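Here come two complexes built around subunit A, the first alongside subunit B, the second alongside subunit C.
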Partner chain A sequence: MKRYDAIVVGAGHNGLTAAAYLARAGLSVMVLERRDRIGGAAVSEERHAGFLYSSCSYVCSLLRAEIMRDLELSKHGLRIIPYENSATIARNGDSIAFFHDPAKTRRSIARHSRRDADAYAEFNRDIYRQCRMIRPLLLETPPDPTSVRLKDLKGLRKLQKAFAQLGEDGLAQAMQFWTMSCGDFLDRYFESDLLKGSLAGNSIIGTALGPYSPGSAYVLLHHVMGDLDGHVGAWGFAVGGMGAISQALAAAAQEHGAEIRTAAEVEQLIVRNGRVEGVALVGGEEVLGTRVVSNLDVKRTYLKLAPRKELPTDFLEAVESFKIRGSSGKLNIALDRLPEFPALRDEPLLKRGGILISESMEYLERGYDDWKNGQWSREPFLDITVPTHYDPTMAPPGKHYMSVFVQYVPPTLADGPWTPEKRDAFGKTVLDTIELYSPGFRDLILDCWVRTPWDLENEVGLTEGNIFHGELTLDQLLFNRPIPGYAQYRGPLGGLYMCGSSTHPGGGVMGAPGANAARELLHDAGVRRAA
Partner chain B sequence: MSDSPIIGGGAMLQPTPFHRRTAALNLVNAWERWQGHTTVTTFLSPEDEYFATRTAASLYDVSPMLKYRIAGPDAEAMLDRLMTRDVTKLKPGRALYGPWCDGRGRVIEEGTLFRESAASFRLNAAEPQLFWLEDCAYGFDVTVEEVTDAIAGLALQGPLAKRVLEDIGLGEAARLPFFGLGRFGFEGGEIEISRTGFTGDLGFELWIAPERAETLWDRLMAVADRHYLRPMGSQALNTLRIEAGHILINVEYVGANHALRESQMRTPDDLGLGWAVDPKKPGYFNGRRAIEAERAAGGPRRRLVGLDIEGRKPAHAAYLYAGRREVGQVTSACWSPVLKRNIALATVEAGYAEPGRKLKADVYYVKEVTQGRVEAAATVVEPRFYQPAHRRG
Partner chain C sequence: MTGAARQGGRYDVAVVGGGHNGLVAAALAARAGRSVVLLEAGERLGGMATLGPRSPGSDGGFDSAGAAHLVDGLSPALVQGLELHRHGLEFAVATMDDVALLPGGELLVVSGRDAETTRRSIGRFSPRDAERFPAFEARLARLADALAPFLDRVPPTLKFQDWAERLEYLRLGWAMRRLGRKDMRDLLRIIGMNAADLTEEVFETDALKGLIGFDAVLGNRFGPRSPNTVYTLLQRKSGTIAGRRGAAALPKGGPAALIAALERAARAAGVEIRTGARVAQVLVDNGRVNGLALADGSEIDCRTVLSSAHPRTTLLDLVGVRQLDADLVRSLRHARGEGGTAKVWLRLGAVPDFGLSAGDLGRSRLVFAPDLGFVERGHDAAKYGELPDRLAMEITLPGLADAHQLGSGQKPILSATLANVPYRLRNRDDGALKQALIQRTTAALADLAPGLAETIEAVEALTPKQVEAATGAPGGHWHHLETGLDQTYLLRPAPGLAQYATPIQGLWLCGAGSHPGGGLTGRPGANAARAALAATRARR
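Here is the complex of A and B:
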């Protein structure tokens, strides 16, 4: 029976990234995917004839350019187009817009507050400073601060240098970013509610924190630390939907010899003498491998696949208490034609970028209150994009696909689990909200696919529907992600690695966890240099 | 101004109050952006625009310059705390130029402060300052208001600028003293005129309500041919200001409130603005203790200097060497048409900044489709390359 050098469990974008790097280095690699399609939460799905939905993740900023280059993803068909602007629209018909061009952004903010327009330049400066420090750490294995191994000491030295170049002000700001609430942080700069609402949106996406919860400022940073074509914090669309990223990664992996099997659900890991030897599929088939890389989140990896009796109890306790709370939903909508947003009537180009509904930080905090009470936000935060502006291949001519990301949506409701009726009621809340900002919107809908955290968990396999495979709070970042002492893509079982977003540097379709995990595995396997 | 053919409403670039007039004369259609506005790079010939300024007069649209009115009983005290110069000595009807710093003595910006009356000042800046000014105003009985869009600005610069003013009925303004400021009647309304500028030449800056900007322009252009008065774009201005040794934010330095790297921030002494710090003035001003500490410790680590460079190739961004040691870099460079010299502004390590010091400049230049490289001798000189006597006269 064939024994693979590496088995990757789960064909999400990180699993595929790891597989591609491993295969490129000459390892024999088998990727096993439970679903009948690859991509995990980076998928494009045709549910309504002629329309391609980025059904889960929907925009791209953080995917590392290094990975694009190493794996030649453009050769495999991947194109990512930055969108130039985003706008937050208010119920009173007002708006605030953000452009790549700072002069235009400044003018837009100045309509609300001249002081804020000035402060925004300083806010941006502070964000960029942090990005400059964090970005080089994304494709690095977090060093263990308790270790005296040369590798860790080198990593710590690098970290110390990154801190040093921040200067005193920058270091103080780093502490603020990692520990403060987004609300407290933004209040230091700004007075305009709509501006603060716009910026705070980035601090709550995918997160079971409110804008005034300590730690939420980092989430904001996480969403703006990406860059596209030199624009820091810019987001873009993948041509063909987010599935195009997974398809390109899969093509790269296969080009280097990796095998990918779909409809192959792993039931459990085969462990002998504390070492993983392969996996057993549902149905009993066994696939043997010297090393296994799990693309699943830390809970699914260690609480479902791994035999509990082989694991230390304190480790299992830490995994069980890992924070991974679902808080997001998604609507994929096929539209007969473009909707009108009266707030954007003077700037029709703004419709091409992101459209946020995020009136103020209070609006967001009230939405979070609903979540805490086991209810979806009655007035939700919405991140609306219409990728067909840039990529007309995703819908029939003249028609449009609209992606609506919704925050906050609980994984289970106060009055019991999700039901089809409750899902419909949640969808109605979202559509009613959009209708407030775009009268007549409902009449344009050809299809509407509502997805709750329950759906994300059961279809895609995200525990509780958490899009980041675990909260992005300081206690779960860097050398603490996912579990203190196990942050270097390895766990207590020999030969078992993790490459999903539960590991450093977290979620957001970066590909960095996959690339980092592959590098660690190759190091252990004694493969010095990738092909 | 939304009737402009090239600029619509919304968050696009703004036209200045002179836009319709400058657009009509911009024969080469060369535009650039300045603080969210479209401004002219050159109308027809940068050389002609330059020489008009050095031999006669030119008009340059400075409307995008950010302007702040600081008024109230404590305005003088607040500004004295803001700026490194002694504002209490600034009389109504006069202006001063100087920097303002953060608490660690790093220059946020430098600009011109106009004292319009005992309790009302206007501060001109190149970068947004409202956030900082409002914070600095805390505890003072003042109001801070951005008046950028309420005032159109036109620089009339050149040795014949006085004659031009006299020719349009502003002879009284022509007699303003150097750094003087006054309000005058003009075409049935008012105009504010200051004896200030950025060219190092004799000159004035004319400040007027935007709705009257075109009237002012038309009156001036009606006498243009009698005085070799030319509208000027930013390209000519850049040569003029380098010759004058005037530093430019985001070129010679980055404002402390916008710099990403601490290493890019500059103290007044770094920038050669030590003369504009008044340590004898009583009380605290932002950066005082840090500036005094730097001076007590032997002065700044680097200095802004002028360079006189051999040859004719402008030493854009050239690294500077003392022997094999890299000691600095050029920030601005040009061929000076009035001096017929190859000049530059540069930042160099303090130990290599004394006038007369010989350095080597590593100059790259365009050699048809390749890049040429030459090591040119560069002599440290005072940065005020061109200071004609008529400037103050």
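Here is the complex of A and C:
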């Protein structure tokens, strides 16, 4: 029976990234995917005839340029088009818009507050300084601060240098940034509610924190530190939907000889003498491998796949304490034609970018309070995009596909688990909200696919529906992610690696955890990177 | 300077503000041989500690009540260094018990003296929790122990190239490593966490989680689900009083007696104390202190000023923004410090029935915070400027342990510290807030102690705005500024001001707005005095 050098469990974008790097280095690689399609949460699915939905994740910004280059993703068909602009619309018909051209953004902000227009330049400068410091750390293995091994000391030194580069002011700002709330941070710069609402949206997406929760400023950074073609913080659209990213990654892996099997659900890991030797599939088939890389989150990996008796008790307790909290939902909507947004009447081009519904920080904070009380936000934050502006082939001619990201949605509700009726009621809340900003919107709907955290967990395998495989709070970042002492993509079992978003640097379609895990595995295997 | 201008006198050191930190700083400077004057704007020393319903005319027989009712982190080095026991500091109760009050009359007791009582009390709710509690306490104590030495030290700057700073970071790193790998990992993980998650990882008893969650947020505007409230909990646990880490003590005569002991220590060391002396301006010449101008027109001639006033008051009002860098001004203006804590006092005709004997009541810190959600919902209301329908509170009846603290007619005074109070009620005035505080507190107490309502003889309240008006501290915040991670240690009160020194040479911050924050610890005062004395010694 064939024994692979590496088996990757789960064909999400990180699993595929890891597989591609491992195969490229000459290892024999098998990728096993439970579903009948690859991609995990980076998928394009046709549910309503003629419409292709980016059914889960919907924009691309964080995908590392290094990975694009190393794996030659353009050659494998990936094309990413930057969104030209974005706008936040208010119920009173007002709006605020962000363009590639800073002068235009400035004019838009100045309509609300001249002072804010000045402060915006300063805000950008401060935030990009922090981004520049963090970005090189994304493709690094976090050092263990409790270790005195040379490798960790070197890593700590590197970390210290990165921080020291900021200088005294920048460093103080960084320390505040990692600990303060987004609300307090924005209050330092701005007075306009709509502007603060627009910017605070980035601090709450995917996270069970409110804009006034300490620590939410970091989440803001996490969302703007991506870059597309050198535009820091720019968002882009993948032609063919998010599935195109997974397809390109899979093609890169296969080109280097990796095998990918779908409809192959791993039931458990085969462990002998504290070392992983392969996996057993549902149905009994065994696949043998010297090393196994799990793309699942830390809880699924160790609480579902690994045999409990092989693991230390305090490690198991730590895994059980890892905070994975679903807080997001998604609507995929097929439209008969483009909706009208009166707030964008003067600048119809703005409809081509992201449209945010995020009136103010209090609007978001109250939405968070609903989540805490086990209820979806009665007035939700929405991030709306219409990908068919950029890729008309995603819908029949003249029709459009609209993606609506919704925050906050709890994984279970105060009055019990999700039911189809509650899902419908949640969908209605979202559609009613859009209708407020786009009268007549409802009449355009041909199909509406509502996805709650429950659906994301049961279909895609995101625990509690959390899009980041775990909260991005200080206790779960860097050397704490996912478990202190196990932040270097390895756990207590020999030969078992983690490459999912519950490892550093966390979620978003970034590929960094996959690339980092592959690098660590190759190091252990004694393989110097080929090609 | 003319003779008339100098009538205020000439001193080595002037201390602004007669709160406990000002008294500590003044006493230490005088003991180091400096001539010292302390200037207090009000007629009374003690600042927030003794602030209470005692102004003439409004007294409802509350003559012994102050805003503070317990002492929990008074620096032991200071007690010894200033000989406070010789100057009259005594404890009526050295270690208070924590008692969680529950609707329906049930109690959960965490005894400060007797582990067996605690085990039995928690065991009635959950044997598993009773089993786990000692280990949890020990865990927090070990971590607090590692942090505690840094409460008495000047925080380092972010200038890494400086060897003295490097040494301080090494010391910090060493303190972490000495914890051992397991505890160090634990500390690095939980320090940014929220208190609710931490307690839910360990316990199942709502009352116990509520009690710990309440302690984590009391004094700050946080809910137990706000990240980094484990840090504020650890900070609370890192103080030592009467030889016990993390405990609270009741001074004989109340916190006013602590202030009196500090005053005696200061006077004995030679400090000249002036009340009714409002400082109007710090006189600055060429970037350095050149004296103080008082509101009555007189001037104090001095080269060193230690200000225990709020950092914003000290720098933006007394010095003036024109002397300061624009970034610093902005940091100070945006430092969070709106008060979220209020007081209500009741004078009762009889000992209330909380299910405890009068003796036990006197020794207990009663906490009404029956579960985490209760405290969190209170925080949710307060953050929008609304007063929660049901308030979480800490209650003491000090007169039952210390006859000096009985009200007029030898009646017990119930002192309640209320959490989750908005600084200003949305669209309402402070009078409305005060009335609502009184009404909601008495209603809650009537539920918790049957018959209490009928024995109320007098009632008084203190809102954050009143604290602000009486002390001059903008926001009226217990710690002057919030003590979350973003405003702590080398970021407190703002980056660049954390070493007690200010951009004005000779002007030092020595109040609660500086590291390690408020509470009756005396630490900001002591650390600032040491730093200022070292600097003047170096220059001499």
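Definition applied: the second predicted complex is superposed on the first by the 531 of 531 C-alpha atoms of A that agree within 3 Å, B and C clash if a C-alpha of one lies under 4 Å from a C-alpha of the other, contacts with A are read in each partner's own complex, and residues count from 1 in each chain.
Here, a residue touches a chain if its C-beta (ideal position, glycine included) is under 8 Å from a C-beta of that chain, and two chains touch if they have at least 3 such contacts.
Here the structure is a predicted model, which means the values were calculated and not measured.
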Practice item. Please work out whether A:Pro145 is in contact with subunit B alone, subunit C alone, both, or neither, and reply first, second, both or neither. Key: second
Review point. Looking at the overlay, what does A:Arg69 touch: subunit B (first), subunit C (second), both, or neither?
Key: neither
Check your understanding: Now for A:Arg308: first (subunit B), second (subunit C), both, or neither, which partner does it touch?
Key -> neither
Point to revise | Superposition-derived comparison: subunit B or subunit C, residues of subunit A touched | key: C
Exercise for review: Report for A:Gln165: first if it touches subunit B alone, second if subunit C alone, otherwise both or neither.
Suggested key: first
Practice item. Check the residue A:Arg132 against both partner chains and state whether it touches subunit B (first), subunit C (second), both, or neither. Key: first
Practice item. Determine, under the contact definition given at the top, whether A:Met180 touches first (subunit B), second (subunit C), both, or neither. Key: second
Exercise for review: Jot down the residues of subunit A that show up as touching in both complexes, subunit B in one and subunit C in the other.
Suggested key: 169
Check your understanding: Quick one: in the complex, what on subunit C touches subunit A?
Key -> 157-160, 176-177, 181, 184-186, 188-193, 197, 201, 222, 225-228, 327, 330, 334, 336, 376, 380, 383-384, 484-486, 490-491, 495-496
Review point. In their shared complex, at which residues does subunit B touch subunit A?
Key: 9-14, 33, 35-36, 127-132, 134, 146, 257-262
Exercise for review: Spell out the part of subunit A that touches subunit C in their complex, as residue ranges.
Suggested key: 145-146, 160, 164, 168-169, 171-173, 175-176, 179-180, 184, 187-188, 209, 212-215, 321, 323, 362, 365-366, 369, 372, 473-475, 479-480, 484-485
Point to revise | Partner subunit B, residues of subunit A touching it in the complex | key: 97, 99, 103-108, 114-115, 117-119, 121-122, 125, 128-129, 132, 165, 167, 169-170, 189, 346-347
